[in-house]
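There are structures below to look over.
Shared between the two complexes below is subunit A, which pairs with subunit B and subunit C, respectively.
The block that comes next holds the complex of A and B.
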């Protein structure tokens, strides 16, 4: 077994598989990936590896199917069947060699990519990351064994390409299809596809990874058993592990829709790290590498807000997985501006885009520094609300609003007329109106556009 | 004629054509069902082209390459014609969609992809053997499915707009290298030795 395993390691598709996966991943990630820095965040890197499985399983399934088809191409199937040596002792070394190669390919890709994350990473939860990476590695093994089974059951020269393409389609389409099923357990987690969460403090709990690993490994074991068994009866029995795992795992998956159901906020990653000096500017531990870059624009926003009475005194990053479900902490009395860093990535040298840094001040001043989540206005904001936000931001920054193509239709015109209306009154009245708008947003009462343009809420 | 028929049949052309047509039809049907524009996205056209080429490239596989070589026939023009025929077949399959409501086009785009990918498959046949000729095609196209035509026009040549210079040049280089190389060199002898006495 040991010796034949070593021979198969050299003779089979194992090494070409490693080489092909590495070559394609390195080419596509490092040449084509524009800002694939994973923000110096280990969890984003681990999840990024899981989403590249979409490409990697194509190679794993193809390598397995090609390998299993070789006996037929060589015309030795009947010859081998006539020997007293059991089939399993002949094919297990091949299956093992391919499995080890596929795991090696996956881990090497992760190791290479981690060179871009390690220098800027400020937080790691080793257990959760090992879980996410482990599920990816298990998926590669399962894919190789499914490929072996496909090549064995359908010995045609068309099998390897068709199996590869089907694997790609299954990964791409099935997760969408399963994701839209009902409101119960997130069945799309039965597939290993996992996109990085935009939120840095998000994590996949070890329990979710363990469930996924058990299920995927069971599918792999079923495929291997069916591939190894020489008799049809055993081949049918081989589906048992997969069915059993499905019944056990599916009800226990977290509830929700799509891969996002896998994520929760890691409380330790979300602990605050604050900049030296005042006013207070804090980010989560996991984003701490960005603290020095966001401090200046955040303080600029606080300085602009200081033109108003009872102005906020701190900027604090608020972790969020889905914007619509976030509510500010009950302690919030309007003395804090909540910062959302999810739209801003960092490049491969850990730096934020200068445009993003400029944009951050403007974003913090939106709605006069009051989070749109406070009254759950996200998505419910009217064009007048957007216009009011534009006008107040421009007023705080002391220059006329610049046309913004991202605004909904109608908002641009309202911004122009509203700005004229606001600036036509004396400075003291302008200040009073913006302060009233802020109060209205904090208490979720009043029409902000009317306050700005006419001075009174209707 | 008789020779051609026997040659094509021994290389399983009917099965390959059927599979290529099936692949194209499936991608076409999915695009027609879920797409919002009559012209399919470049990534989908590439997918259809690559699947057609993958299916057709299985005809490079012969039952016994070593035996083929012993035939006293001038092989280079025949191999070149075989590959050009595959590229033509793939382009015709894609061009058929121009008659329908969901198009894999423009024709220049489809022709470039079919030619370039056929060349890539031929290079695969030279380097890793005819039975793995499909592999470079799948390996190059799979990551590109998820990319947008922007930077790195040479690496993503299959999804660039029809008139793009670097993309067309890449396709021509691949096609020329693959078709000429395969015509002159044929399948590698190493793989033949590996498969000596192959039954199927």
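The block that comes next holds the complex of A and C.
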């Protein structure tokens, strides 16, 4: 068996598969483009690997389909058909070799990419990370075996490219489509896609990964069984593992919006790490590498807010899965400015961009230090709301608002006229108006632009 | 020391013919390419002759257990072949060189023959010796480690023959084996055929009547899926007259037998095949 396995390995395209996946992943978006979005966070890296399956699966399916069609292209089907050796003992070694190669390709990509994360990662939950990576590896095996089946059932030169494109479409389109089906939110987790664009403390529980792995492996086993069996009767029976897994696993997957449903907050990752001294500045354990860098700009924001009565006394990073999915804790009475570090990446040495550090103070002062999520206004802020935020920030910092091209055109005009209106009243009145605006935002009542420019809510 | 004797060696042969077909029908696609063929073949070298489209390749594929019979009886080495039946035992004793012979270009000669020996389920410890013997027999010992993609067409054909004979088959089926061989190689190949024919049933399908006359102990002539004639090369040569087409006695005999059969079939469609049966008498 060993000798035949070696010969079969030479007959297979296992090694080219590993090389192709590695080459593409190294050159592609994954390593060159995405490496700055991992933020020294193992879970983000693991999830990034899952989202890049979109590309890797194309290669795995193509390699499988090419391998299965090889006997036809080489014209040895006729010759092999006259030999006694059963199909399974000939094709199983190939299927196994390709499975090992695809897992190797996936794990090697992860290993290479981890050089960007390992040096300054401050937290790891090995079990959850192993689960997320494991599901990715299982997906590669399933993809390769599905490719083998496709190439075997349709022995044509066109099968590998067509099967690859179909795999790409399935991964790209179906995960969205499945998620949008009425009660089908759980169905989107039947595909392995995960996005790394979640906040630091988000994690995929081991149970979710286990369910996904069982389901995806069952699909792979079905494909393999159908590929290996020489008789049509067994080929039909081969769908059983996949059907069984679908019936058992699908109802148990968490419900929610698409792949986000897979995530929960990891309580250990979300534990706060605080800077020495006062006022209090804290970040979650996963983002601890950024604490020393954010402390100064965070305290600058608190100093600016201190011009107001009942000003907040702490800046704390709020553990969330995704912006706009979670409200601030009900216990919040306005004594804390909630910080969102998601937009601020770090380089491979764990350093934030100096521009980002400067920008952080301004960001914390937006809406007078009240989170836009507090009243779930993120999507519903009007141009006047944006203008009010610009004006109040400028007032707190003590200089006129700088034109911001990112704002809608109407907001810029409103900012200019609003600033003139606010600064034309006495300083005590100005302070009162900004304080009233903050109160309105905390209670989710009142028109903030009117408050700033006319001194009262309509 | 005592030697373990396999059951194959002690089981007496329980069949009179290596290949026995009665009213055999085999489809090539939807077309019935072998249509009511009666044939018996034993040990020896038999040449399979017939015009293009006579059903030679389809018959070879049926004997190689690739296509099951769609009618009639086919008994190989005493075992009846059926659709969905298990041909595994028979296949272990088969050697087959298909008309279009595929291969893996990156394999060496030795690797390819070795792989085929494994496919034929030879005992692992016998494989290296058998592979070396087969490669020597076809005269490629000095190229054993060469990659197949570096070989000429004639050499590839010889590799095809080597894989066919590696398991010392009891039924050896060679479809157009001499294509691409130069005259010297053809002479060597005929020697190999005679050697194989001493204890196996060898069937060589060919267009070259001369090959048959030189190397075969028996000639099988088929047309339109039916047996036209079966006899010795000498009888084949004797069947033709001066007026028949051909450059040699064997070729003239071939033309005469075929012309005679066509005339007979045109006059009496019912007389096809069965009358000529498996008797070894010439058609006239």
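Throughout what follows, the second predicted complex is superposed on the first by the 434 of 458 C-alpha atoms of A that agree within 3 Å, B and C clash if a C-alpha of one lies under 4 Å from a C-alpha of the other, contacts with A are read in each partner's own complex, and residues count from 1 in each chain.
The definition used in the following text is that a residue touches a chain if its C-beta (ideal position, glycine included) is under 8 Å from a C-beta of that chain, and two chains touch if they have at least 3 such contacts.
Not measured: the values here are computed from a predicted model.
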Touched partner set for A:75, first subunit B, second subunit C, both or neither: both
Partner chain(s) touched by A:85 [first = subunit B, second = subunit C, both, neither]: second
Subunit B versus subunit C as contact partner of A:62, first or second or both or neither: first
First, second, both or neither for A:20, with subunit B first and subunit C second: first
Partner chain in contact with A:355 - subunit B first, subunit C second, else both or neither: neither
Which superposed partner A:7 touches (first subunit B, second subunit C, both, neither): second
Touched partner set for A:164, first subunit B, second subunit C, both or neither: first
Residues on subunit A lying within both footprints (that of subunit B and that of subunit C): 74-75
Complex interface listing, subunit C residues touching subunit A: 61, 64-66, 87-89, 91-92, 94, 96, 98, 100-107, 111, 114-116, 118-121, 124, 163
Subunit A-facing residues of subunit B, complex: 12, 15-16, 19, 23, 51, 54-55, 58, 61, 128, 131-132, 134-135, 138-140, 142-147, 151-152, 155-156, 194-195, 197-200
Parts of subunit A lying in touch with subunit B, wherever the complex brings them together: 16, 20, 24, 27-28, 31-32, 34, 54-55, 58-59, 62, 66, 72-75, 155, 157-158, 160-162, 164-165, 168
Contact footprint of subunit C on subunit A as seen in their complex: 3-4, 7, 10-11, 74-86, 90
